[in-house]
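See the structures that follow.
First subunit A sits with subunit B, and in the next complex the same chain sits with subunit C.
Right, the complex of A and B next:
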């Protein structure tokens, strides 16, 4: 009863957030229009003036370069007949230094002009998808047409080193109510070109899929994620989101790249039969810790990535009294081969969970998938995927999850890119549950996914 | 001899998405100093006086950029058939993900070894400014770069054209 009220209250808050958000979007041009017109005119005038100055300075640089060429003093260190683009190491002459100074001025003016244009507003981007089929791709007890999700993606630029990323998702739950979720909210500091430390809520960097593809379905070849890797509120059995700190890096070593991730965050809990990432904080101070180590090949194996990952979290099942606590431990390995022609992904996770409260035995389970994709020259991509989980039902962790039963699924799909920003996907799949309630069902699904 | 031959772009994905007007864009308006895939300094403005075909791409793009690169190869064949000299310039969207070595590998693995093809690397500010000038807006979705597809042609006077108008 209380759960129902909570659901209604959450749905109500969701609708209120949607209405508020849409009202803000709709209202913005009305009150902003007159000011914006004048401001845009002023900006355009300043831009024109800057561009004029850039052209004048460019012409001046050209004149100086021609003068130098005539005087025969230009670039005396270069070999005879060398390309103008061959780098040289000779000390610059005073004239060259003057040219260099003018060039830098031109570039600075141009960049500041560009910065002003960028600073005039934060572009709004996002993704959306709608589906139809013999089953809802997420909630198989439903069929027909459904709204998948619509999400807004914001990456405001906050300076040279500070990064931010927000992903606001609107989606329909199994009861048809629209829910709003801040799927990702990360603020990060770029320690080096390829190393960033993030704080906030992020996609847990286990395996390959969870950080290669996110909520926007238009970027993924397939129509949906592997079921066991679904997001928590879609029945995923792994903690797809973590709230905490994440260090991520990619270092070039020879022709390849070493990628690594280390993270620590709030432990997850199980509430209502689903994983919850404790976005507001952990009640008992438990933590998830994990890491991912990958190698991206170069040379003849360009496009191939292999890696391993591990995580450990203290999972509290708050649906039970007293609370059951399980140590979730996952060890994974993955392989991805991504080229202009092929997209192959395989991921495997071994679970070794044991009871903390009450103390219990260790149970071993596993889950994995293999997806093979072929990109045809004419904007079609054909893919096939096999997923399988074998989850010990005596393990309190899987027992507590609504979707903690074992299954296997075979799928065959076709993606067609209508244009750069939209794709049609079709998938035929058969799913068989193998332990809790042995049953199977077949699906024919269609999805229209866009980005904007 | 000064006769302009308009070659249509049959690849809809390449041309249809172009959105920004060129407004008499000159080659000199684009930042000059880059690195090519050998790591050497490359001065884009030194190509003035040549027919220059310019686009932007990123090496990990396997859906849109291959179409664009394929179109560039078609254009190269057309240039060859007409005996027209041309320089082909591909500017990287992603300075962090696609360093000089990544472009070198890309070039080798795609068989794009001709000396008149230049894969350029620059810093983020340069790339953003160039993308803005070329009418190729882009945004990042983690490791993915959401971008348009467009090919520009700069004639021997350095003036940009939306579709390649080749001097024969």
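Right, the complex of A and C next:
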């Protein structure tokens, strides 16, 4: 009988070896991938998980061996001394029971691990950046080091079709005070595969940049936004946010994809020389309406997107008495080409504004930028950008904005990706204002941007 | 026993990941997809199969092979793409599980779930193989 137990113990060890081998095979790590810190971390985690699995399997087999030993002793001490399987031909053999037990253990471990991973709670993401330079990249009258911004965005899982997105931003203003903005608060219902209607405050879907990057500086190649596309409280001349309803969709057609956005919301106003998106509601019931139509190429032109957009809003300048009201109309076109090697973005907006109160003439202005980027080997990206605005100063809309003057800026930058989630950026830029107060300044800027 | 485990791990570390084997795209049995949908599924552009909400699951052990053969993109581009997608559209990036066993166990018991693995389980819907 003792010999039988030894055989079973050897068989148990054999099955342990097989089970361990299969389990470890199933948990192969990523070490042969290109040298990458994230993958090394993944390798370490996989190795830890494998060792844990082996420990658990070892404990389980030892437990089975002890049970088997007890069973053998009990059988040898029994009156009949018969085989435990005698008279029960249909019952599984001890080896089969052990195999089944080990299989169940492995399955339970896998289930337990995937359960823990799935129950990760509320997804929290964010961006942050710090800067240094000869000028503050946003407030050029300041220099030295500065805190850029830190922001969180939440994408809670609410069900199959209900979605939500909240974005909270902490940033330092020109006086050094920390301000908090609820950048986005939107709740949406997914009507179809790639069609969602959102309600709340969202990034106004004009052009390409405003919805693609917005506060996400780590995912933008360049160190900062084009100046005319800045946020409302940073001197932007277009309404970067809208409070209202937004229908967005992307339909696959052949190799390509048709994207479109339609939105309506509270009209904006000008207060303190800056645009304000009337988050609490519009005093006089005006509205902004707009749309964006784009085409994402597939096949040989994969990575290329082109599109057009338009918006119209009734803008009240509440800094004046009586209030001056202007019809803002913008027509835009854009192009973005994003591949493993290149990132090119161009955006152009034509304004055709006219006075509503008092009634006035129509003024045509324009603004645009072209950015070319080349992703070099070894994580470096070289980029250059040219921005230019020609804004009619007789237009009440631009006249009322603190930053409504025309300018052009040339920039040359270098980005280095330290890893997937952090980047160092350097930029040299020259900015020249061409109307209100003609002047120019040069900048050398450094930024450390992360995402999490 | 420790010697056995250490030997096995050492052998596996020396051999590296098996990128050359076949890769199977499998889904929960309530999912009906075409092989042409795989790219859209894992890039967040396809979210429903009929009325079933799709749940893509990344299998870290097979991800290098999946990105190379199926999506044909780098890990950096895939990760950044999902960050942009989450930031713009409020989508949640795929759950990442560590091995075939974990990913397949999750897919078996989760409606709409899909993943990729180096083995072809008979009890799941096969969408494509690469």
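By our rule, the second predicted complex is superposed on the first by the 331 of 452 C-alpha atoms of A that agree within 3 Å, B and C clash if a C-alpha of one lies under 4 Å from a C-alpha of the other, contacts with A are read in each partner's own complex, and residues count from 1 in each chain.
What we mean here is this: a residue touches a chain if its C-beta (ideal position, glycine included) is under 8 Å from a C-beta of that chain, and two chains touch if they have at least 3 such contacts.
Keep in mind the model is a prediction, meaning the values are calculated, not measured.
With both structures placed on the common chain, the touch criterion links A:164 to subunit C but leaves subunit B unconnected. Within the superposed three-chain model, A:186 lies in touch with subunit C and out of touch with subunit B [touch as defined at top].
Once chain A of one complex is fitted onto chain A of the other, the partner contacts of A:299 are limited to subunit B, with no touch recorded for subunit C.
Which of subunit B and subunit C touches more residues of subunit A: that partner is C.
Within the superposed three-chain model, A:343 lies in touch with subunit B and out of touch with subunit C [touch as defined at top]. Touch criterion met: A:255 reaches subunit B, while subunit C stays clear of it. Of the two partner chains placed by the overlay, subunit B and subunit C both lie in contact with A:212.
Of the residues of subunit A, those at positions 51, 54, 58, 107, 110-111, 114, 117-118, 123, 125, 153, 155, 165, 193-194, 211-212, 214, 216, 219, 252, 340, 417, 420, 451 touch subunit B in one of the two structures and subunit C in the other.
Across the complex, subunit A meets subunit C through its residues 13, 16-17, 20-21, 23-33, 36, 38-39, 42, 45-47, 49-51, 54, 58, 106-107, 110-111, 113-114, 117-118, 120, 123, 125, 153, 155, 157, 160-161, 163-165, 186, 188, 190, 192-194, 196, 203, 211-212, 214, 216, 219, 248, 250, 252, 257, 340, 417, 420, 451. On the side of subunit B, the complex with subunit A involves touching residues 12-13, 16-17, 26, 28-29, 31-33, 36, 40-43, 46, 60, 62-64, 66, 96, 99, 101-102, 105-106, 109-110, 125, 128-129, 132, 139-144, 146, 148-149.
Against subunit A, the residues of subunit C that register as touching in their complex are 1, 4-5, 8-9, 12-13, 16-19, 40, 45-48, 53, 60-61, 63-64, 73-77, 79-80, 83-84, 86-92, 95-106, 109-110.
Interface residues of subunit A, counted against subunit B in their complex, comprise 51, 54-55, 58, 62, 84-87, 103, 107, 110-111, 114, 117-118, 123, 125, 153, 155, 165, 193-194, 211-212, 214, 216, 219, 252, 255, 298-299, 302, 338-340, 343, 375, 379, 417, 419-420, 451.
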